[in-house]
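The following pair of complexes shares a single chain, chain A, combined with chain B in the former and chain C in the latter.
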Partner chain A sequence: MTDFITYVIQGIPFGCVFALVAVGLVLTYKTSGVFNLAFGAQAFVAASLYYVLHVRHGWPTLLAFALVVLVISPLLGLLLDVLIFRHLRTASPIAKLVSSLGLLVAVPEIVTILVLGESSTFGVVGIWWNDNALYRFSDYVIDGKEMAIIVSTLLVVLLLGLLFRFAPIGLRMRAVVESPRMTELAGVNADRVSAFSWMLSSLLAGLAGVLLAPLYASLAPQNFTTLLIAAIAAAAFARLTSIPMALVGGLLLGIIQALLSGYLPPASVIAQSVKPTLPFAALFLLLLFWPGLRSAIQNKDPLSGVDPPPDPSVAVTRGRFLTNATRVSGVVVGTGVLLWLLTAATTYWIGIATTAVVLSIVFLSITVITGMAGQVSLCQATFAGVGAFSTAQIVKVLGLSVLPTLLLGAAVAAVVGALLAVPMLRLGGIFLSLGTLAFAVMFDTLLAPLGWVSGGAHPVSVPRPIGFVDDRPFLILCVVVLAIVSVFVIFIRRGTTGRYLTALRGSETAARSIGINPTRIRILAFAVSAGIAGLGGGILAVQKGVAVKEDFGYFYGLFFVVLVVTLMPSTVEGAINAGVGFALVPEVLKLVGVSSSWQFVLFGLGAITYARHPEGVLEFQKGKSLAAIQKRLPARLRGPVPGPTPVPTGGAD
Partner chain B sequence: MSVGADVAASGAPLTSSADDSTVPLLELRSVDAAYGPFRALFGVSLAVRPGTVTALLGANGAGKTTVARVATGLVRPTAGEMWFEGERIAWPPRIGVGFVERWFTRAAWIDRRGVRPFEITRLGIVHAPEGRSVFASLSVRENLELSFRRELGAHGVKGALAKAYELFPRLGERSHQVAGTLSGGEQRMLSLARVMVNPPKLLVADELSLGLAPIVVDEVYASLATIRDAGTSILLVEQYVGHALAIADDVVVLNHGTVAHSGPATSLDDITDLLL
Partner chain C sequence: MSLALVAAACGNASSSPGKANKQNDGKNATVDQPGVTKDTISVGGVASITNALNAPYGDIFKGVKAYFAMVNSTGGIYGRKLEVVTPRDDGMVNNLKEVQGMLSEDNVFAAVGLATIFNFNGAAALSTAGIPSFGWNLNEEWTGKSNLFGNSGALCLGCDGVELPWMAKQLHKTTIGVLAYNVADSKACAEGVRKSFDKFKTAQVGFYTDSLTFGTPDFSVEVGKMKQAGVDFITTCMDTNGVLAIAKEARKQNLDAIQYVPNGYDQSFMKVNGQFFEGSIVRVPFVPFETRPVPAGVAEYLKWMKQQRVTPNEYTTYGWINAAMLLEGLKGAGPNFTQKKVVDALNKLKNDTAGGLLDGIDWTTQHVEKRTPEACAAFVKVVNSKFVPAFVPKGKPFLCFKRDQGVNVPPTYK
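Right after this comes the complex of A and B.
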């Protein structure tokens, strides 16, 4: 019994850590309607600034804390609101999620490049007057950093409770989330309210960042991201709405973790993988089974009809000549590059080209799931990993030849995708994305380290297929595979499945009413997408000669989505662009002489535009410039333009 | 579209039934409005005299709701003027972060140029929008508090709530119920309660009878009469001509985004075909 109490007390500090972040997530969701994945990034900004001021420049604790948490953090929140989220208030929840995902990828890199620099970030110091002061409870001792977290968490929950209960601003914040326009019709300045909520939640993120930083040996964005994802479980427990429940959820999570590590034999595999996996498994299960969570999806703004209709896609306004001209020039450039690669290019550039081609295959899976099915899946890198590990293991254990095994690996990934899709399809929108994220992290922490999956400490090597051992033939093989998969994807899009998916994206109800079974068609899309990713992952492993789990970490899943969404999520061409971008942008950055981390910044910030350009910024710009060229063409080349032209009369009432 | 276009283009002072000397409470002069590339209003001019009910009639898609939205600032006119109590409502050129808005969002939330809806509301124009016009996720009491708190201050809220519940006892019984679970009629009561407790200068009521049982429609119109008697002018957007004409002093008929007819309510007898 005393053991039990000791473990419970042991779990409280980490429970409060989860709770603090979860409270922040719930607060942001409640007051701005954004499931703010960037919360982790905001926390990292504050932690870094605090570290630089306090540790590197020797500012006094209180001054550094006050400047970072009370001034800079709210200003950052204000900036995010004014520049980004204010304009997304009527966007779909999934568009907001993608925007915050872009920030999560971009902002920590900006901070690392501009603020932290190359030098080490060890020795973060907490805000308690003595980090190592010890407080004795029963048999367990809590130190200063933990005490700071416990006290602040309780204070934050108390203050927020009072704010929402007694201050009119609490009511206004909830009103703005439901409908900014109707709030204005009640005479309330919705902009000011939303600025306040962003400043408040950013302040909380700053507080969390400064408090949590000393728990880790050094400052690393990954720690904050992983912690953020873990805390989503506590937020889900609170149904994304209740701040006290977020506290309870966080504490429960911390205590259960402590109990598990206390009672399970410490050296066992179960204990070592279960403890870190617990929050993600909990999130996964909560998303699937927690009653009331999914009904927390906000009510639709009744005044959304005031918005102008979406911009018409400009790409359709080109005539036959221009279409042919772009196609021919595309083929000419492609062939030219290929010829150069096969004759003159150095091994280095062939390697980069191969990476581009292989990644294009992986990105085609995002074309299927995001571009065609309209779902944002954050675990495509994991599917690629499943394909890579299965390929490697089958080749190693059964001794099959590599080429057919790649297909087997893709099949395994497809089965995993389908199995994941069955429960996940009950979830829609952001909950599906969060579920795939939970799955990705679970795979990372639970399965990927195991020997029979990735080979554990000794990654499994994969030979190249006979005849394709050299780099040039292997590149040709990859190009052929890419061509086959591209044609396959195009066939799906033009075929019945693609049209069903388009119909479902338009309106699920309408699609049902004409007899489309959404569950079946979505499971199919998920399985196909996972299979393509698995195939790409397998080839990536073959290219490298070894299947390494670091190549398929959950962060890549996030980055892949950000990358493809910035370019062209809905076309095969877009996937190839993304592959080329993934391989080439770091090279270009190297050439310019800046850190290759800028690619995360570039694509992360690009993803923010997803709300306005779901077809991708690049696609949008391409359509715009093609339309401009079309206009300047001589009349005889212009030809008849397909597609509808908007009628200037009538419209919405 | 051509019907009444000349009336609209001239921008001439509008005929009102009796007293031309009074300044109209609300006046639209040759207003154009559009949703993106879709134009909804073509040179609409109309006026609401103080203390009267003006019915805005027309078929589906005629532009009635757009007129209501222009009057409350939700839609910014692309041309024309709006005057309230003899003052011009100004929509000056866009400043600030508009380019960011255009870049990031497909859905420009509201046009952030010049006067915003909350400012127009504070001038004394209250809009009961079409369809669901309450905050579905807030309780009945919170819905009322949201506007009372600003209009009457923290001390006035209690009295105002009591008055609202006295007018509509059903709301009192359900004060802690989430407004989204109220019936359609109760939701209309809720949006009217706010207006009746603290009468604005102008109520813009959009399709109040939509989707309601006939008996509830009668209740709603009785409430409107009470509101009018308290001194509030009403711009009444309505598809059901009978109900509207029973209470209206003036009438404006829209057709394809232009004013097809305007005049006293009694003048409508011989032009019914314009509505159909």
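Right after this comes the complex of A and C.
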């Protein structure tokens, strides 16, 4: 019993860490309707600025704290609201999630490049008068930085509770989230309320950043992202609505972790598996089984969905002349590039081209799941990893030849995708995305380190198929596979499955009424998508000669989505553009003498526009350019005037 | 992942300091080799400049450039100046691509400054190309490739060693705590520590875990358990975040134990966190800067780091070591040097000290040999937030053990 109490007490400080982040997530969701994956990034901004002011420039603690947390953080929130989220109020939760995902990818890179630089960031100091002061409570001791976190968390929960219960602004904030247009009809200035909400939640992110930074030896965005994902479990426990429950959820998470650490034999297989996975497994299970969670996430705005559908695809609306011209120039350029690659290019450029082609295959999986099925999966890189590891292990253990094994690897990924889809699809929307993110992190933490999965410390080699050992034949093989998969995806889109998916995106109720089984169709889409990703992952491993777990980490899953939605999520062309972008943009940045890290900034910021341009920024810009060209064409060469399309999400290939 | 690696720094014989070079015999002899002109020898490198841990691995190039500045200040070698033309960024495990880029685009004579914290899958491409390659050996991909020269010979993460049990005995420590992440390299390292104490029973392992989550800063329960078990010597296979969090928690819970930190030789880190590591032992894979009297090689290094306005750290030191090895190879190859001659010349060295900073690597065996007959390493102790050499007499930075002699036979010094 004494041990039990000791472990419980030991879990409280870190439970408060989870709680603080979870409260921030709940506050943002409650007051803006955005599941703000960028909360960790905002916290990192504040931590970095506080570090630079306090440690590098020697500002007094209180002054640095006040400027960063009370001034800069709210201003950042205001900026995010005015520039991004104010315009997304009536957008779908998933569109808002993708926008925050873009920020999660872009903001830490901007801060690292522009604020922290390459110097080390040791010696982060907390806000307590003495971080290392010790406070003894019976047998247990709490230090200054933990005391600061505990006190701040409790104060935040108390103040927010009072705000929402007694202050008129609290009621208005909730009303604006529920229906901004209805609220404005009641005479409330929704813009002002929204701005206050974002400033408040950003202030909390800033506070979290400054409080959590001293827990680590140095500042790294990864620390904040990992904490954020772990804390989502506590936010889910609170159904994204209850701040006190977020506190309870965070504390429970910290305490259960401490109990597991205490009672499980430290070197046992169970401890190795369960302990590191706990927050992510908890999130996964909560998403699946926590009663009422789903009802808490439905959009209740009676005026939602009244926006006009997005413009139709450029490929649909441009005239015949432009279509032919585009196709001919595409074939000419493509053939030219291929000829150059096959005759004159160096190994380096062949490698880049091969990577572009292989990743295009992986990105086609996002075309299926996001572009066609309308679901945002954040574990496509994990499916690619499943395909890669399966291929590598089957070749190694059974000695099968590589080419057929790639298909087996894809099949394994497809099965995993289908199995994941069965429970996940009950959730839909942002919770499906969060569930896939939890799965990706669980895979990274639990399965990927295992010898029988990835080879552990000794990654498994994958030979190239006979006849394709050299780089050029291998590139040709990859191009052929991409062509086959592209045609396969186009067939799916044009076939029954694609039409069913389109119908489901239009109206699930209507689709059901004509006999479409949404679950079956979506599971099929998930499995096909996972299979394609697995095939791409397998080929990537073959290209590199080894299946390495770092190539398929969860962050790649996030970045892949950001990349594809920035370009064209719904078309095969978009997937190929994304593949080329992934491979070429770093080279372009190098050419202009800029760090390749800016690619994360570029694509991250691009993803922010997803809500306004679900067809992709590139598609949007292409549309504008083609419209301008079309205007200048003689009348006989112009196509028909574009009109509204009955299929808002469709794309042409 | 760049976790603390208990890499066995093994070697033989004595070191010979490499002074600034003025070897201009055969000046500007015609050499038809990649990256070599009448006036210059160009090299490239690949490092994890941008990385998730935000650590300054890219500093390895600063070390390379400082060494080249020293060599160039005396006329270069064979009438040619040395220059780094392309420090490439490994980024997110892109080292295969970047290595291919360096090989096919950059026209370099050698790869100097390789520091890839994740899987080094570009190693095979370097090996196939036969290009002289020098870097920070923290990946097992370095092993078995005769043209790849790291700061140490082949790694063996899970091997036992006599150093730790000997150290525990010297420090009168009786109960060991071993902590590692649930990550392959970290776990293998912890297993090596356990094997060491199983074999040389100077202390017992009282607490062992290899199930910690990478990135967690909460070790309250683990430290509590170590206290219960009476642990007085903690060994970790973790990054600086982990070791610092453990040290802080140990202080909080009043655990009377010191740490053995295999990957913590960072003056700037210890300057701000030394209070938590007082008395702890840090392994140093080269001659510690604090060695007195300062060995010629270290003095030269520190002088040129200062001259280049670079703060010396572990990574700049690897860069310096890498560049020094290249110079040794060039010297050995002669004025009509080729890549192959440089590799061959280095592979004949039985005591490569890289300008006096290493204990001496025997390249005739240590590309593949993971368990050399003798193992040497340098250790420093944290005293008042500074490092001071430990267990060695003045002027002898390295402590050397015959592999199977046991802990009762005194080590030798080098």
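The rule we apply is simple: the second predicted complex is superposed on the first by the 616 of 653 C-alpha atoms of A that agree within 3 Å, B and C clash if a C-alpha of one lies under 4 Å from a C-alpha of the other, contacts with A are read in each partner's own complex, and residues count from 1 in each chain.
Definition applied: a contact is a pair of C-beta atoms (placed from the backbone, for glycine too) under 8 Å apart; a residue touches a chain by one contact, two chains touch by 3 or more.
Remember, it's a predicted structure, so these values are computed and weren't measured experimentally.
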item	value
Which superposed partner A:P13 touches (first chain B, second chain C, both, neither)	second
A:P276 touches, of chain B and chain C: first, second, both or neither?	second
First, second, both or neither for A:G506, with chain B first and chain C second	neither
Chain touching more of chain A, residue-wise (chain B, chain C)	C
Chain B versus chain C as contact partner of A:P404, first or second or both or neither	neither
First, second, both or neither for A:P463, with chain B first and chain C second	neither
Chain B versus chain C as contact partner of A:G330, first or second or both or neither	neither
Contact residues of chain A, present in both the chain B and the chain C interface	none
Touch list for chain C against partner chain A, complex	1, 49-50, 52-56, 58-59, 89, 91-93, 96-97, 100-101, 103-105, 118-119, 121, 124, 140, 157, 182-185, 187-188, 207-215, 217-218, 220-222, 224-225, 239-241, 243-245, 248, 251-254, 266, 268-269, 271-273, 275
Residue ranges of chain A in contact with chain C within the complex	6-7, 10-11, 13-14, 17, 112, 116, 118-123, 132, 134, 141-143, 215-223, 226, 254, 257-258, 261-262, 264, 266-268, 271-273, 275-276, 346-349, 351-352, 355, 445, 449, 451, 456-459, 544-546, 548, 550-551, 555-556, 586, 595-597
List of chain B residues in touch with chain A within their complex	1, 34-40, 60-66, 69, 72-75, 97, 100-101, 103-110, 116-118, 121-122, 126-127, 129, 131-133, 135-138, 142, 145-147, 149-151, 154, 180, 256-257
Touching residues on chain A, where the partner in the complex is chain B	82-84, 86-91, 168, 171-172, 174-175, 177-191, 298-299, 302-304, 306-312, 608-609, 611-614, 646-653
